[in-house]
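Every chain is named by a letter (A, B, C, D, E and F) in the order it is written, and numbering of its residues begins at 1.
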Amino acid sequence: MSIILAAEALSCVRQDRVLFENLNFQLSAGQVLYIQGKNGAGKSSLLRLLAGLSSPEDGQILFHGKPLSAVAEHFAEQLLFIGHQSGIHPQLTALQNLAFWSALTAQQPADPYQLLGSLGLAGLEDIPCFMLSAGQQRRVSLARLWFTTKPLWILDEPFTSLDQQLIAKLEQHFLQHLASGGVIVLTSHQALSASYPELQALELEYRW
Amino acid sequence: MAFTSWADFWQMGGYALFVWLSFGTTYALLLGLWWYSKRQHHSIQQQIRAKAAREQRVRQHQEREK
Amino acid sequence: MVMWRSLIKRELQLLGRQKADWLNPLVFFLLVLSLFPLGIGPEPGMLKQIAPGLVWIAALLSVLLSAERLFKDDYRYGVIEQLVAGREGLFSYVTAKICCHWLSTGVPLILVSPLIAVLLGLNFDSWQVLVVTLVLGTPVLSLLSVLGAALTMAADKGGILQALIILPLYIPLLIFASGAMEAAATALPYTGQLAVLLAFLLFALALVPLAVRQALRMNVG
Amino acid sequence: MWGSMFRWLDPYAKPETLYHLCGRLLPYLMGLALFTLLLGNIWGLAFSPADYQQGDSYRIIYIHVPSAIWSMGAYSSMAIAAFIGLVWQIRVAQWAVLAIAPIGAVYTAIALITGAAWGKPMWGTWWVWDARLTSELVLLFLYLGVIALAGAFSEAARGIKVASLLAIVGVVNLPIIHFSVEWWNTLHQGATITKFAKPSIDPSMLWPLLISLLGFALLLAALTCLRLRSQILIFEQHRPWVRQLVDAKGDSSQKEQN
Amino acid sequence: MVMWRSLIKRELQLLGRQKADWLNPLVFFLLVLSLFPLGIGPEPGMLKQIAPGLVWIAALLSVLLSAERLFKDDYRYGVIEQLVAGREGLFSYVTAKICCHWLSTGVPLILVSPLIAVLLGLNFDSWQVLVVTLVLGTPVLSLLSVLGAALTMAADKGGILQALIILPLYIPLLIFASGAMEAAATALPYTGQLAVLLAFLLFALALVPLAVRQALRMNVG
Amino acid sequence: MSIILAAEALSCVRQDRVLFENLNFQLSAGQVLYIQGKNGAGKSSLLRLLAGLSSPEDGQILFHGKPLSAVAEHFAEQLLFIGHQSGIHPQLTALQNLAFWSALTAQQPADPYQLLGSLGLAGLEDIPCFMLSAGQQRRVSLARLWFTTKPLWILDEPFTSLDQQLIAKLEQHFLQHLASGGVIVLTSHQALSASYPELQALELEYRW
């Protein structure tokens, strides 16, 4: 199986502190990279590196064997990144937010109403998102996972403010994505409950 | 009656533009406000009805989920 | 093109939802204009003389300040972060923002210009020149303001930082625009100034969108 | 003391009662308003004599003065409603603020436009920056500010409260408008009819003016009733009585269509 | 009192950390002032005549815009929510904010006033009157701006909404302040205007802090 | 044991939707009220009502048997509320943020360095908080729980973005507070792990 995403001797410095050094991993299709670590260990910083939002102090990230900087455009096309912020505009409705992301990626849900309904947002489709609760907003943002065809997902604490039921549903969806050859990189302070076929756990240590 | 003929009345002693401009815009604005308020009242009722319908939809959806 | 159209649609939806975003700058413009006669004294002769400058300064402030929040929401809620990560739509997004900003602030200013003419006692000819300078100048104002907004997006310092960055760039515009109006008021030819304004506009149109995209990228990284 | 004095008002502070009360009053108020307004205006336009100085242009007075005075009257009532709403937490009073604000804004705009149209023949200019004119313009901006502020919040109830506070603060502008003609020497006319002792105006001109004044007041009341009903619906839409009311209406209108 | 002192300390710490918060308004003030000669034309006679109004309009805009972000951070991060829930410190917090806002924007304006006098060609006497009006007027500006910031805190509409709301209230101040300076320039007595400014100040001092507290409560509730 | 906080026939409406109706509970010293429910059920809305930040549509809240509106000042003195937002200013350091809260409540930690150190923030005391990670910021905010003497705590999802270790520590601290006669109202999507002597669970249903 070919390696999709790999890190080679990655290191990251924020302000004056080395968060991690000489970090290596290799991810191929169907694998999850589950990044753990204490608060402040550098999980979010690592994800931003992997998403190409910042560049590493040392080392490099390889996408299909090529350095990220060389294939930036191609990489970006294959990537779906959802960070701490959910990426939805609070003044727009759930439908409008979905339409925006559809327009950008040229991928749209077959039936947006049905999709939102299955995420427990039935009846809230055309209400501005600021009127939704914390968890409901998160659901709108995650709805994109259900109609994207991008193989590489990078998700920073996707489970925050979700209730147990939706977490289960989300993990089911992860499994499906992996089965179809996708790759997922995620962090979470909650343990993963589903049984992933190929899970690489990466523990970042809180260093000083 | 302070005017001798209709033409006189419409001319307003040479001040027709100003007088009729004032009265015209005044009544236009007042009518506009009346119309706007009426329409607002109407559309609020419609919104409430739409929300009731949506509630129905959601209830049905929840039934189906269970 | 399809993408651009739906991005424009999104912006228009936002403007429709937040009517204040285009109504407030307009009222602010009128308010600032009415400050001058109050502060400076209402003699009509004097007012007429300084009117071109006043209109342009008020326009500048209101366009500038209205741009302030342009990227703030999208930045704060992580939309821009995801746009930068996913590259594709960033440029279309930027041009859509710029267009809609001009539609929502520049165009209303042009539309209320007759009212301004009445308030400041401009005659018909001066008003015509005012309209022409506004048509040429407000897109440049919008472009520069959007650039300012993009540069200060992550700084979270409010409109004033943006004003500081962009005001110096505005100054040439101000000089030529009010110069054209003054020339017209004294019956001198003013096509020269208008040509310069046009040149500014073309120049800004070519460069600013690229600069804005770069600014967004840097702000996220 | 206050509580007991106004106890009899309590039922009217109940949204449902007030909604129906407004509904019942509305046709009478509207009819009366139209009648007095048209009576006053037609009398003033066609039957009262021309002014010996201003000619027929003075007839603008029959809309200028009522709208100008009631633009301030509307502001005071709005501010009083705001005060009651905030201090005693009476929600219908808060809603009244939003009901009145647009009416006041329109009255102010009318005063400005008619004043300008009167100024052109009298002073030779549509607009001068004199104290009364400017302060009236400021009044318009205040109204717009109240409306804009109320609309700027994601939660309508919060927006109304905040706008009420602004409305109260803005009251300082009212004395400025009224006394501007005395404090600064201006082009604008001093008090002529509001001098209670001896109005310096001929009765044949005064009567239609007074009737128009009454007409604008009644119209203010009627429009407030109409708009207050909308506000009540907005804020009470989760109540069963609103649901029933709206459903019943929807059914009947559907039947009409069929 | 101890509480108040440490609240003041916090505000000063914030100002120390975010120097832009008090430097920018100052630069903005100077920039806006320098726009006028550019837009209006630099004839000294005319400039001197309109100088009082200009200074006051520029001061007004810069104080107003600098207040915009005053409560935004504290609101967004839930500080105000917790202050309102815990009641005790809210009033001290408000007064500390007001004081520090004046210290950080009003006082610098007064300090640069000699520079303004040079720029606009004011003579020594006019400058003196300018300083007196600024001393009496800028606290009122600060008070009203803080009120505007508090009212619009949760509205998230940027500085322009705040300007819309508060500018009408400023106008009397503007009229009397520039009136005093004009009177001084034409050697007329101006104590009347100063007395009115003083009255405004006392009035605002008595009422605005209470209104601000109320506005904060409402914005959270 | 006397009842400290009670709700009587409480109901809450947001926009047009009734979130809950006729809600009753009674809390006495040493008890926890653990509010659960799906996303959007109205947990946060309930907590804001209890904290006196908004007023109920119907019903009333009693504090020591008196309606909240009558004893607002006294109630506020006894209350510590931490909502979804952490209430720390990102430009100030952890120490400065603590000092601010100390000034307002006239309660300060014996040794702030020691306190912050014990929360895993050693060395980060005088760095502006925006430079801390999500979880570290949350820690600064929660530090107040360690030096307050207020009996009534209302906490909205206190565990978000905390790592397991700190959650355990926090729950220990909850137990201590309860043992000394305190009252806690909290929501969380994560199950509570410590064994609380007197736990009242309140399940809010997502209604439409």
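Assume a residue touches a chain if its C-beta (ideal position, glycine included) is under 8 Å from a C-beta of that chain, and two chains touch if they have at least 3 such contacts.
A quick note: this is a predicted structure, and the numbers were derived from the prediction, not measured.
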item: If a chain touches chain A and chain F alike, it appears here; value: B, D
item: Steps needed, at fewest, to go from chain D to chain F via touching chains; value: 1
item: For chain E, the least number of touch steps when starting out from chain A; value: 2
item: Top chain pair, ranked by number of contacting C-beta pairs; value: C-E
item: Remotest chain, chain A as reference, centres from CA atoms; value: D
item: Approximate Å spacing (C-alpha centroids) for the pair chain B, chain C; value: 33
item: Approximate Å spacing (C-alpha centroids) for the pair chain B, chain D; value: 16
item: Intercentroid distance (Cα basis), chain F paired with chain B, Å; value: 49
item: Centroid spacing, where centroids are CA-atom means, of chain A and chain B in whole angstrom; value: 50
item: Multi-chain contact residues (two or more partners), chain C; value: 18, 20, 24, 27, 31, 38
item: Sites on chain A at which at least two other chains make contact; value: 84, 123, 128, 131
item: Junction residues of chain D, two or more chains touched; value: 134, 141, 144, 148, 152, 154, 237
item: Set of all touching chain pairs, with the criterion as stated earlier; value: A-B, A-C, A-D, A-F, B-D, B-F, C-D, C-E, D-E, D-F, E-F
item: Chain A residues touching chain B - in the complex, by the definition given at the top; value: 117, 122-123
item: Of all residues in chain C, those that touch chain D in their complex; value: 19-20, 23-24, 27, 31, 34, 37-38, 42, 44, 47, 118-119, 121
item: Residues of chain D touching chain B in the complex; value: 41, 45-50, 55-57, 59-60, 63-64, 67, 102-103, 106, 109-110, 113-114, 117-118, 120-121, 219, 223, 226-227, 229-230, 233-234, 237, 242-243, 246-247, 249-250
item: Touch list for chain D against partner chain A, complex; value: 154
item: Chain E-touching residues of chain D, taken from the complex the two chains share; value: 86, 131, 134-135, 138, 141-142, 144-145, 148-149, 152-154, 158-159, 161-162, 165-166, 169-170, 172-173, 176
